[in-house]
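Structures for review follow.
Each of the two complexes below includes chain A, the first together with chain B, the second together with chain C.
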Partner chain A sequence: MAKVFIYPVNSLILADLVERFGHKPLAVMNQVREKVTNISLDSPPVNITPEDPKVGLRYAAVEVPAGVRGRMSLIGPLIEDAEAAIIVEAPPVNFGCVGCNRTNELMRYLVRSKDIPILELRYPDSEENAPEFVYKIKAFLESLPREEEK
Partner chain B sequence: MTDVKQEEITKVIVISSDKVLPVDAAMKIYESEFPVTVKETCFGLIVTGPTEDVLMVTEEIRKLDKNHIFVKDRGFPAGDERRCRASRGGGPRPGFHFLREEVRMLPAIGDALDELEAKGPVKESPTKKDKLKVSELERIIEAELAR
Partner chain C sequence: MSEEAGIVKIALVSCGSEYSGVQPEFEAAATEVNAKFVYPEIDVAGLDNIGREFGLEVASGDLRLMMARAKAVVEGTTHVDGVFITTCFRCAEGAIVRNEVRRYIHKHSNIPVISYSFTERTTAGTLLTRLEALTTVARRRHLLAREAQTGLTAGIDSGSTTTKAVVMRDNEIIGSGWVPTTKVLESAEEAYSLALKEAGVPREEIQALGTTGYGRFLIGKHFNAQLIQEEITVNSKGAVYLADCQTGPATVIDIGGMDNKAISVDDGIPGMFTMGGICAGASGRFFEMISKRLGVDITELGALAVKGVQENVTMNSYCIVFGIQSLVNSLAKGAIPEDVAAAACYSVVEQIFEQQLQEVDVKEPLILVGGSSLIEGVPKALGDLLKIDVLVPKNSHLIGAVGAALLASGYVEE
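And then the complex of A and B:
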């Protein structure tokens, strides 16, 4: 079971397909859960702890807008854990907490600069393209090593 | 704020099936004896509870129509005051817009999964278009010039 980073980080379709084909999706929802249940933050990454900017500084310099560092404090550790990645270009909706384009660029850059298998494809803009989208994801996920869970 | 135990997780179950309605899935969970909290929504269910129970419940629900029921994790528990529309004065909750966009694509994704299941192993799509390789282009040019 490989840990697969997905972009968009909160995608239902990607998270489901990764889990369906036997791997672990690294989605931002799990990071959010830890913050809202253990530390009782109201709305991460809008609310952050004093430790979060330090985590964010590992990925973005201090001159970079605080929002990027706040978001990277959630997403950066996921990229570090990733053993594979699926990046979907041009998703239909990208706003709110996942709508920061600078964060998304940085995120994709960090993933691409890691030496891991990456699948990059476009979001299906019509129903005709959906089968190919699913086939490619399945083929990619089946090509990943299925190690025993530690 | 809702108190949640550390080991509890929440899953969003999105139902895009012709055979199963959210209420059917909810009834199945009520009939089972899993100690989970279920919230029925317009797109499916939100299930909160101990990790093992939630995983078993989602597997059971998925079996109802496995290619047309989709599951993802959720950060906030079901009915959490920080996200629940009842306490936020209405309006779509954060994250709803993205979910709505993806829900539109789910019937096509479900059909593709059905097709995959029927066909078996993944094959290259016949409509796949690749870039023309340089060697191939050279071969075509040479063939044209040789006429």
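And then the complex of A and C:
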């Protein structure tokens, strides 16, 4: 079983696919499970304190907006943990979105900087292309080492 | 207004303030002014195209959410009494959307709007005055419609640097007091006593009292004031009253001892407003320090400035420390005090222009108030920069106290 970072990091569909193929999705939902509310796109945590953006300084400098650093305080540790990653480019908002594109750019950069297997693919632009999208993810997940192989 | 008794519903239109650790501070400030944040309902599927619809295509989902929520407010899908638009400080994409969403709501509705850029260090205290002003416009529009002072009333403005008091009778100022703020209550007592003495009326005869400024809660409680009100609504009311511009649009700039306000006013009611600045370099405090270094009284600084040429001295008052450094350097290079004084005035108004006037629509007449408006170089520099005539009404330094006395007269009839 590999720990697979998913992008968008709150995509339920990607998290479900990773789980179905026997791996552990590294999704932000796990980070915010304790306390959530529905005021933004991705059910953000309400228990983020001013200390969290300071934790985010590990990933982005102080001149980077507090919202990016606050998000990175949750997402950064997931990237550090990742053994593989799936990046879906240009998805619609309801596929998953953390709301801030600067955070998205930083997340993708940090993932690409790691020496791990990464699948990058575009979100399908039509229903006909959807099966191909799922097959590619399936093949990638099947290529990752399972528990016994590790 | 909201059906829930007295509670003002404010739409929070933000780029994800909950991720910055400031959401509890926002909530605390709202609770303090008996308001609550609501989040306008939107169709998530519509977010992919809202940018094209709005005319501003941005990459961040939460910024598109801001546009969708603004649209829901304007179209009345969600009924609110005011809108608080906020994005992260230092985010260019956020700043563009914040400004355009603010303009969009202002253009398409009469709902009062404030905008603010936050850091993780933003506190409830910082937001309190802004939210208090927003809720006042929503809650007490009838009070703000008052155009003439009636009866015998008084107003006290407990500012960060000076405390001002006035006594008014039948639409005339009959007594005033202006003292430096040291101990908040003692200074208020002194200014009020001076005003009463000049008016020749005993304190018991005052029919209603209004307080404003930083110390408004403390002195309001002490003097048993009928009206305790933040300075944005009070000062805009006082400004249009003193300048005799109570109908139609106006812009009020108040350069205070510690911060500045730029307020877009329509029929005496504040619409958009900003409170700055980031550093005291753009406030009255900077003029105090400049005067001290030049060895002149602050009342002489203005006359000195109008004789000088600001272009001869480079001054950066973005930060008060750098501003003083510029001052020391220029004097060391042989600059004359007149030029330094002129540069100081220009530096302050330039900062107000760059940081605050971008967030309100400047409409004439432009009324300059606050103690710094008495420094002649300041209205001159502002007029030169904006290429418009700047109006400094008589008693412009008493603006808060006059506004408080005027609004307090609403309680005489009640």
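Keep this in mind: the second predicted complex is superposed on the first by the 127 of 150 C-alpha atoms of A that agree within 3 Å, B and C clash if a C-alpha of one lies under 4 Å from a C-alpha of the other, contacts with A are read in each partner's own complex, and residues count from 1 in each chain.
Methods note: a residue touches a chain if its C-beta (ideal position, glycine included) is under 8 Å from a C-beta of that chain, and two chains touch if they have at least 3 such contacts.
Computed from a predicted model, the values in this text were never measured in an experiment.
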First (chain B), second (chain C), both or neither: which does A:S11 touch? first
Is A:R102 contacted by the first partner chain B, the second partner chain C, both or neither? second
Tell me the contact category for A:E19 with respect to chain B and chain C: first, second, both or neither. first
Of the two partner chains, chain B (first) and chain C (second), which one does A:P53 touch, if any: first, second, both, or neither? second
Which partner reaches more residues of chain A (counting touched residues only), chain B or chain C: B
Is A:P124 contacted by the first partner chain B, the second partner chain C, both or neither? first
First (chain B), second (chain C), both or neither touched by A:A66: second
If we overlay the two complexes on their shared chain A, which of chain B and chain C does A:G76 touch? Say first, second, both or neither. neither
From the superposed pair, tell me which chain A residues show up as contacts to chain B and also as contacts to chain C. 37-38, 40, 44, 92-93, 97-98
Of all residues in chain C, those that touch chain A in their complex: 12, 15-24, 39, 44-45, 47-48, 58-65, 87-91, 93-94, 118-121
Chain A contacts chain C in the complex at 37-41, 44-46, 48-54, 63-71, 92-94, 97-102, 104
Please give the residue numbers of chain B that touch chain A in the complex, ascending. 1, 4, 6, 8-10, 12, 14, 70-77, 80, 82, 94-95, 97-99, 101-103, 105-109, 111-113, 115-116, 122-123, 125, 127-128
Taking the complex as given, what residues does chain A use to touch chain B? 8, 10-13, 15-17, 19-20, 25, 27-33, 35-38, 40, 42-44, 92-93, 95-98, 124, 127, 130-135, 138-139, 142
